Amino acid sequence: MGARSVSMAVDLGGVRMKNPVCTASGTFGFGSAFEGFFDVGRLGAITTKGCSAEPWQGNPAPRMCEVPSAMMNTVGLANPGVCGVVEGQGAYLADLEGRGCRVIFQVAGHSVEEYAAAVELAEEHAPWASAFELNVSCPNLARGGALVGGTPEDASEVVRAVRPRTSRPLLVKLAPVRVAEVARACEDAGADALSLINTISGMSLDVHTRRSRLSRPTGGVSGPAIHAIAVRMVWEAAHAVSIPVNGMGGVAGVEDAAEMILAGATAVSVGTANFYDPTCASRLVDGLAAWALEQGVTTINDLIGAAEC
Amino acid sequence: MGARSVSMAVDLGGVRMKNPVCTASGTFGFGSAFEGFFDVGRLGAITTKGCSAEPWQGNPAPRMCEVPSAMMNTVGLANPGVCGVVEGQGAYLADLEGRGCRVIFQVAGHSVEEYAAAVELAEEHAPWASAFELNVSCPNLARGGALVGGTPEDASEVVRAVRPRTSRPLLVKLAPVRVAEVARACEDAGADALSLINTISGMSLDVHTRRSRLSRPTGGVSGPAIHAIAVRMVWEAAHAVSIPVNGMGGVAGVEDAAEMILAGATAVSVGTANFYDPTCASRLVDGLAAWALEQGVTTINDLIGAAEC
Amino acid sequence: MPTGQTGLHDVAVASNERVAEKLFRIVLSAPELASGLRAGQFLEVAVPGDASQILRVPLSFSRADAKAGSVEIIYALVGDATRRLSRMVPGDAATVVGPCGNPWRVRPGQLRAALVSGGVGVTPIVACAGMLADAGVPFDAVVGATDASRLWGADELRSLGASEVVLTTDDGSAGLRGVTTDGLRALLAGRAYDEVYACGPEPMMAAVARLAHEAHVGCQVSMERMMSCGFGACGTCNVALASGGYASACKDGTVFDAEEVAW
Amino acid sequence: MPTGQTGLHDVAVASNERVAEKLFRIVLSAPELASGLRAGQFLEVAVPGDASQILRVPLSFSRADAKAGSVEIIYALVGDATRRLSRMVPGDAATVVGPCGNPWRVRPGQLRAALVSGGVGVTPIVACAGMLADAGVPFDAVVGATDASRLWGADELRSLGASEVVLTTDDGSAGLRGVTTDGLRALLAGRAYDEVYACGPEPMMAAVARLAHEAHVGCQVSMERMMSCGFGACGTCNVALASGGYASACKDGTVFDAEEVAW
């Protein structure tokens, strides 16, 4: 092929990433825990743990169990609140931005008002954040725990409420439910990009005690087992909207990430793999570049949605 | 524990099974291929491959690829048509009923009319069938390929159309989409029992050729990778309706089957495991009885939905 | 269990060794199975170790020795399952589903056969040679591979009675530089055949079928497909037929008359 | 990479052998890692072989020898990952994430410590003994197990300087018939202690904590949780605190003052 170079920069709805590699919310802490594994500044972006206006304690133990080619969690969005994060992690995250890695600040809530409040706080106190991401997979307490973004109507409502409160890029993180419909609703409501998929709800029972292996009846399944399902959903979402998509779900290696891009993802996030293969995201930066070279393109953008099927 | 015995008989919406073990449609052929592995007559029931009024050829090769802890298929409901099956397999299936194993005859269609036609044919020519199962995960050709049972309205329509055409028990096989809502719609429309889950739509791309690893862009994911998701959906469906549920999805051993029962399944079907572990279903007959004994119940019915969480 | 019906068998590794570049020979001790196998059939082997790869591996056999109770398989190292297989040592246990598929056919009064093997297609071709030898049908063979390092089987075929074995490699590092059809063309030019038996990559088999057709010689091919079960339960192994529709590679094949297949 | 920061390390198995019923000792050659470890910390070991089990296995270590560049782990056979670990042979490669968690603490002027180990909790307790020996703090120990066949560690603890080692088994097949708290009660009755170090099943640690509290003796415990990462990234390892809320077992622990924990 000779010595060519490939431009790896992508634009995720206004988040200008030097490469398409990102990390999924809740699987990368606030980044610093990974500095012992690699230079986090190499990544295109990281997404913070979902932060609420007030601190959340999350669910009791046990919060995790293993299932084939996957894990399940019921962490319950435990987080120290927007201000707690700004205080504890703000300096590191501002510095990370300076190192060229975009910080996507994720917010969470149990009601439309809580999302709005979290974004307002973050808008004010996290000037370093390149973008905000709304995790609409939280239970809406006012609606009996139905997902905030489980229907197009509900997702639309929260995006509309938040949109006027910031001029920074606004991403919406979708639950793996009615993806195409919800994606369109979010686009119409003003989202700049979509992230998907969140964990898939699952259940694992200890058949001797007859109890859930988690402290809750259900938990979110993540890891390689959900990858093929996630690629299909990314493909569906990318066909349903014209805003860019950040693809995730079981990405554990270069080929998994490349599949996401071919299916229509502009950026790719590593989630569960960060736990067991903590240098995974860093390897993807080089691996995707090598793949793009092999594919004979001059920019990775030429491979986005390039699946021929 | 001493020598006690446990009654294993269950009633799946009028299908009186001597034990809760069944096989999932499309994963057991028409039964006879398994006689070299074990006495198929031991099972509570088998479900036939989905049969349409006219023969269907299905999709071109390749129809299968492997993904972590799972496989994907795009067989496309290839089948010789109701009459072809009656002719080729009728004698064996009638005999199997005589051996005490219930035969659930599954029908498929691309439109409401095709389902009705298939059930009418089967009603007339398959007197040995204990029940009919409607596979509402087929693409509805008149609606651009949307699933026949992807929404409560659509599922309801096909069940209502078929219900008057037979007095035998009518099962509906649900796609893993909006399960609780669709389950309620089917119950209201007159279904006697529900089977779930069907395969989960997934996508697997060869990143070198940029093409799907199947002859279609997407295929159905089945096997252990989907088990936790399936248990959760069975639990949701069982809570949503009062008709019994036939649980399936990644059942590969006794504990997987027991989880389904605890989550609310009256019967449990083995699917993909039949391919790689062809004696699996037979082992479950004994294994579930041993588990029930260990749990100290006198009838397996006491364990249905007995999860405490 | 009726004789010959597909069943589940416990087997143990008797030996397992590399015979060429990325090519291994494993011998399984499998008395029950060995006595029921016919040339051209295949096995579905569960290679233990990694639960994330759930399906069995379809593998043809090259020899089944009913007396010794052993089955020999020649296999190529291509991915995870075959790598795990290559690490099994004598005494290791596994399970096998078989016999799967239908055997090669010998027509009554058959005079001389040409065998064509491409790559790891050599496995059922060696079995075929054994069958022809038993039936007293003389045969010659073409064995092709990408290069000399991967070429294997000529000695076995000769020892089974092949009068002539033509070798071909893509790069000319051994035998003829070219593909197996070049070798077959050479055979057809030299002697009269009434049947060709071929196994290898699908484009190769298509070309062999064309050549046999033009030469008015019968042709049987062994078709590979991605397979979930190997015994007719899943419907994933479809082969398009010239007459329209599909057949199952595992149940209706894997041996097909080349004329039946829609190439 | 700053010293002591959690990182990824290549390791090789130096030895691996059974030491008691379902109990194994593995020694890893891991020079980089060995020099940075402090007693009470743990490792996250990727046990190769089965891709269906994706997570690493959290394991404490019993000895880290900076000079030899080796790390010793005592582990119990409980499920698939530990079974695969038990089959690794010298020379086999793996990767380890570590050091994880915080070390046992020695308070300045500490006089005498009591160590309490239940089951495979013995691993970090042996490490603790090494730490106390280095710090010149005298100690005694209780080692408990379900029965004699699984009891292990008394010799190591004695060789590290334990003045007294009380053994307990549930069935009385060795040492006292009873649980480790019975042993601890015996120690507390005999000598004055100013710190108890405990690791074992959670109900045992809760009982030890109560006993220490009643005796006005400090108590440190090492808490186990299902862990996805081991270095503070996932939030799955929460330990409920007496003060309300949760701490991370992997980042804020695994060593906690017993008084901090909401038992």
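By letter and in written order, the chains are A, B, C and D; residue numbering begins at 1 in each of them.
Just so we're on the same page, a residue touches a chain if its C-beta (ideal position, glycine included) is under 8 Å from a C-beta of that chain, and two chains touch if they have at least 3 such contacts.
In this text, all values refer to a predicted model and were calculated from it rather than measured experimentally.
Looking at chain A and chain B, the chains in contact with each of them are C, D. No other two chains have as many C-beta pairs in contact as A-B. Centre-to-centre spacing of chain C and chain D amounts to 55 Å, using the average Cα coordinate of each chain. Chain geometry summary: the mean Cα position of chain A and that of chain C are 48 Å apart. Averaged C-alpha coordinates give centres for chain A and chain D that are 36 Å from one another. In chain A, the residues that touch at least two other chains are 68-70, 224.
Within chain C, residues 51-53 each touch two or more of the remaining chains.
Contacts between chains leave no pair untouched here, as each chain touches all the others.
Across the complex, chain B is touched by residues 1-2, 5-8, 44, 46, 51-56, 97, 225-229, 231-240, 245-246 of chain C.
Of all the residues in chain B, the ones that touch chain C in their complex are 26-29, 33-37, 49, 57-58, 60-66, 68-71, 73, 75, 78, 223-224, 252, 272, 274-276, 278-279.
Residues 49-53 of chain D are the ones touching chain C in the complex.
Remark: chain D residues 51-52 touch chain B in the complex.
The part of chain B that touches chain D in the complex is made up of residues 68-69, 224.
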